[in-house]
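Naming follows writing order (A, B, C, D, E and F), and every chain is counted from residue 1.
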Amino acid sequence: MKILVVNPNTTASMTAKIDVCARNAASPGTEIIARNPPSGPVSIEGHYDEAISTPGLLDEIRRGEAEGMDGFVIACFDDPAIGACRELATGPVLGICEAAMRAASMISTSFSVVTTLPRSIPIIEDLALRYGLERRCRRVRAVDLPVLALEDDPEARNRVLSEVRAAVAKDRCEAVILGCAGMADLTDWLSLEAGVPVIDGVVAGVRLVEALVGAGLKTSKIGAYATPRKKQSG
Amino acid sequence: MKILVVNPNTTASMTAKIDVCARNAASPGTEIIARNPPSGPVSIEGHYDEAISTPGLLDEIRRGEAEGMDGFVIACFDDPAIGACRELATGPVLGICEAAMRAASMISTSFSVVTTLPRSIPIIEDLALRYGLERRCRRVRAVDLPVLALEDDPEARNRVLSEVRAAVAKDRCEAVILGCAGMADLTDWLSLEAGVPVIDGVVAGVRLVEALVGAGLKTSKIGAYATPRKKQSG
Amino acid sequence: MKILVVNPNTTASMTAKIDVCARNAASPGTEIIARNPPSGPVSIEGHYDEAISTPGLLDEIRRGEAEGMDGFVIACFDDPAIGACRELATGPVLGICEAAMRAASMISTSFSVVTTLPRSIPIIEDLALRYGLERRCRRVRAVDLPVLALEDDPEARNRVLSEVRAAVAKDRCEAVILGCAGMADLTDWLSLEAGVPVIDGVVAGVRLVEALVGAGLKTSKIGAYATPRKKQSG
Amino acid sequence: MKILVVNPNTTASMTAKIDVCARNAASPGTEIIARNPPSGPVSIEGHYDEAISTPGLLDEIRRGEAEGMDGFVIACFDDPAIGACRELATGPVLGICEAAMRAASMISTSFSVVTTLPRSIPIIEDLALRYGLERRCRRVRAVDLPVLALEDDPEARNRVLSEVRAAVAKDRCEAVILGCAGMADLTDWLSLEAGVPVIDGVVAGVRLVEALVGAGLKTSKIGAYATPRKKQSG
Amino acid sequence: MKILVVNPNTTASMTAKIDVCARNAASPGTEIIARNPPSGPVSIEGHYDEAISTPGLLDEIRRGEAEGMDGFVIACFDDPAIGACRELATGPVLGICEAAMRAASMISTSFSVVTTLPRSIPIIEDLALRYGLERRCRRVRAVDLPVLALEDDPEARNRVLSEVRAAVAKDRCEAVILGCAGMADLTDWLSLEAGVPVIDGVVAGVRLVEALVGAGLKTSKIGAYATPRKKQSG
Amino acid sequence: MKILVVNPNTTASMTAKIDVCARNAASPGTEIIARNPPSGPVSIEGHYDEAISTPGLLDEIRRGEAEGMDGFVIACFDDPAIGACRELATGPVLGICEAAMRAASMISTSFSVVTTLPRSIPIIEDLALRYGLERRCRRVRAVDLPVLALEDDPEARNRVLSEVRAAVAKDRCEAVILGCAGMADLTDWLSLEAGVPVIDGVVAGVRLVEALVGAGLKTSKIGAYATPRKKQSG
């Protein structure tokens, strides 16, 4: 089984980190291909960044589809352009926010999310609503660090841990979701320190896409995710 | 007051029709500027088309912002990239789906939507949920004609009327929304024939943006719609 | 265009203040007529006051309708008797709670409300639910001052500002709504001080009614707001 | 225990019918006092009628409270002015819509409502939402007969039965609620004919108010239903 | 009228306390029979305890049905096996959580629950959702004492009072529900001390079942609560 | 990885069929152990059957836990005693209703369910609500055949197909879920005939449990699913 993991931003070091996480997460028989588009924003922090990352992301999906990828993971917690990706793909497509939230819902009755910037909070709340998980999502919290600081800032991991602990103590949630692909390498440490299941979307995404492919399920093509109609572009 | 109305597809004849509707709808003191991007899809029918129309749309918003536009209407019923547009704009930004649904909610207790293609139904249902109007939206109906057929097909208007009548009779709604900017010129005729308020999003959008500007309200910049963070693009 | 703004309580000084706000808010071509009923409660603080203000309010709507008013604003944040007013009116009718909440929803993803008395909190929460905006409404806060204290008490404005700031800091809302017509004159000052869009329902109501009238929309008469059936009164 | 049952319209024959139903429904130790206001609409069919019935209704509640009534039933399916009545009353107050819906919820997983006029459908749907029972309420149906026709029209009972049967067959509900106090005398016959629990709000209201009084519960006075503040009326 | 009150755990002293509460709560004409199963868990603290209490509980319902009981109260706040009990019973069946929540909803606009162990919080939140009262339920609080400590621990009642007061002050609820049958004897004292309606589910359950029986209502047998199909057991 | 699949009824032929489906569904490295309790109902058709199957089901979970099973699938579409199972288990536990609904949500925007008996419809609707998928679930349909008829009745498969087709045509859903473990062998045929993804809960359950185990996720033990408290049984 071949799964394409697309990091929709253009920061190759983040793609490399995601690649490691995805490979570690994958089953023995699964081949992980991690890529980022050649052009686009270096990080995705809000609707605008998400929008301008979309053309590059869709090119990667189209290319992956042509190469016969069995499934797709979009490794950005805003789940950018997920509907468009599903229109292009035959196999299952999961964003890491949806993957993490659905995984959390199967092992707990509630979760909180710890993300990077406060401006992402309403975006993630909106996704929870669309996935039907607004009642399970106790709160979305932000460490107030930009995405790329997670690459550089040695203090960043402590701020993430401190927010994970606050989620458990104050939100009374039963699981914590890491709301940024750049936090993936902290998962085990955080879970151990905080004594609660901590869920990374890349891991959840790879495993859930494997599950759907393994179950013989493909994206439904009779409604919202039908193949795009052929048309001229002006 | 200057309002930029962007048709995110590249069909100039549809932009011209939207322009006429918007001008007819506007208050005396309002200047309407209707534009479409130079490149992109000729019509928007689904998530993929929406996604690839986004770069052109955002360019128009950015240009309009630089020109000092007071407000913005996005004349496609999928309300594409509305969050990204709001990040770029100082003044209010409305998609025509949101505009029509909010207008309907102020003059009725329920509405149905008549759109073009069945594949758009779940997209519009998702928008109704995000706007908090899922309980007001009785049903989204499709005439099963592509967007551009509304330009060409003399039978199209009768199919729209027939679906509007079905909405009143079967969904027991109190108002009907036209779910495509290309239907804007049929509004008055449909309302007269069906005996029910029929709402076009371009008209509603222009008038509601005028209202927000007139009320001195600008897009909130302290959360989801904050100005995009400056960053390199790869 | 003529818009009747009804203050449903009988305090003429509040009607005068509302009148000034409404006139300042209105478009050049709009004539504002602000009135209060000759009899009824001096302020509306709860369901009972609301109920006994209703006969006077309905008389004003009926009279306004006979005079050919194009639209109506009910300048009390409990949106009293809004359904009955809509049955009597041909044009659009908005209560200031609905107007402010719908305006807030078009420029932000969430809002809080600052009202006068704690007893009004559940009333306003119930309105948010009925308008479909319960997910957008972060919290309803009360300064714990009676309505008429806003007329007299020099400290009142500081308490309002302090609560507006608490809303931004603690509720993480993106806009703040003033939950009483008597706060209308504080809007600009509060917005400036708190650095967040602050929305007054009278301003929003006047502009949104203008927008609906301008869009050619009237209250739907085929359902809940049909003209009252003729009948004897015992 | 003394329970005041107020018919908020002025049709004495309907009050008499409600009185009989309430007495038949009451426990041995309960005294039923059924009254209607001396002035107001002869029937309540929509928001306006509801609004103009309110002053008379509130006078009856105030008088009943002064006479030491232990609880109150408002015998109109629109549950008019229920918040205002609760502010005036020490004991529990139930409208017959709320009473019937809460009773239905305790013996079934879903119900439909059969009311008189189509214009009441959105009013009742709105009440179901406010009571938290919108998911239990499968559908609100109307026989399309005015309230007083139930007094006069021999065919009316057959139309009601036919709609009750349609509710069971098509809505797949498990109980049916009669959406008008004027249908109270048909309850047993309808239940027998349709083979489903049929619930009349007057019966449910009397018994549930008895239950609350018997449980020592009074209307909470620390929030929305606090006693009205003393004030001048203009 | 004969009402069977089943304590689904096997602690006879708790059954005795429930019996006293139920008798004190019942109307003059009502006979209360309080029982617990001969075997099962000594207290119910979580899903597992609830599950293993079920066979004994169902035996008591079946026996009560054979004896001609008119209605049933399940005196455990998790409302265990309520659907199965309703399938076995002809008359109405109420769990004490549902009874208390429905009673609270008729005398207030919001309530909080004070229960024993934190692990019960998500269980009770789930019940509130299923009963349609998730918007009325401000918060579920736990005193963090095991169920049987309420029998033994002299400090327990003060901890309950302190949590009731916190509910009023911090959750801004209008009524408080006691989330454990073992707290039933504290109700009046708590209500007096905290100045808010305090609702015990045993009292509410007995009175509401009386009300349903008195209204001639039985459990609907045409859907979810139909009599179990006859079948072999393996 | 070892996954225990428990058929909670005692019909060995159904367990055998489930076993085949589960083995076919599992990944190469997964060992499937399918069992049913030695005693309990021969089929589960409603709340009562579900309740009496619980002791046997819990014994199997406890035994599986002692044997070191990595995860658990409960192969009955009512998802019986799922909370109790999760309290007993260290690894993930999924009922087949939850598994199928979560899988459907990842490849479509809406689904319908085709189950056996009409009495199961409200049970499944209640599960959809608790899983947050009530907006995705278009309708639950029943073929009106008892569970064991699927074993014997040659016409049964055609009735299932006919209902699957009705779901696509009338409910406008994008995927169909088979609402009974006994339909598992029909999945591929139905999907081919109806041209829509058809989802069996056993397949989805096995693959999703594999995914959760593979992602290193265990059932959260800090809240609702904490290990049962040790206690005496009476």
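To be clear about the criterion, a residue touches a chain if its C-beta (ideal position, glycine included) is under 8 Å from a C-beta of that chain, and two chains touch if they have at least 3 such contacts.
Because the structure is a prediction, the values reported are computed rather than measured.
Novice: Show me the overlap between the contact partners of chain A and those of chain F.
Specialist: Touching chain A and chain F alike, sorted by label: B, E.
Novice: Going by residue numbers, if over half of the contact pairs line up, that's a repeat, so tell me which of E-F, D-F or A-F repeats B-C.
Specialist: A-F
Novice: Quick one: report the Å distance separating chain C from chain F, using the average Cα coordinate of each chain.
Specialist: The answer is 51 Å.
Novice: I'd like the Å distance between the centres of chain B and chain D, where a centre is the mean of that chain's Cα atoms.
Specialist: 43
Novice: At least two partner chains per residue is the criterion; list those residues in chain E.
Specialist: 109-110, 118, 121-122, 126, 129, 134-135, 172, 174, 223-225
Novice: Where do chains touch, given as pairs?
Specialist: Every pair of chains meeting the touch criterion: A-B, A-C, A-E, A-F, B-C, B-D, B-F, C-D, C-E, D-E, D-F, E-F.
Novice: Spell out the residues on chain D that touch chain C in their complex, using ranges where they run on.
Specialist: 9-11, 36-43, 45-52, 54-55, 58, 81, 83-84, 86-88, 118-119, 121-123, 126, 129-130, 146, 223-226, 228-229, 231-234
Novice: Chain C touches which residues of chain E in the complex?
Specialist: 109-110, 135, 172, 174
Novice: Using the touch definition from the top, list the residues of chain E that touch chain A in their complex.
Specialist: Chain E residues touching chain A: 118, 121-122, 126, 129, 134.
Novice: Going by the contact rule set out above, which residues of chain C touch chain B in the complex?
Specialist: Touching chain B: residues 25, 27-29, 92, 94, 98, 102-103, 105-110, 131-136, 168, 172, 174-175, 188, 195-197, 199, 203-204, 207-208, 210-212, 214-220, 222-225 of chain C.
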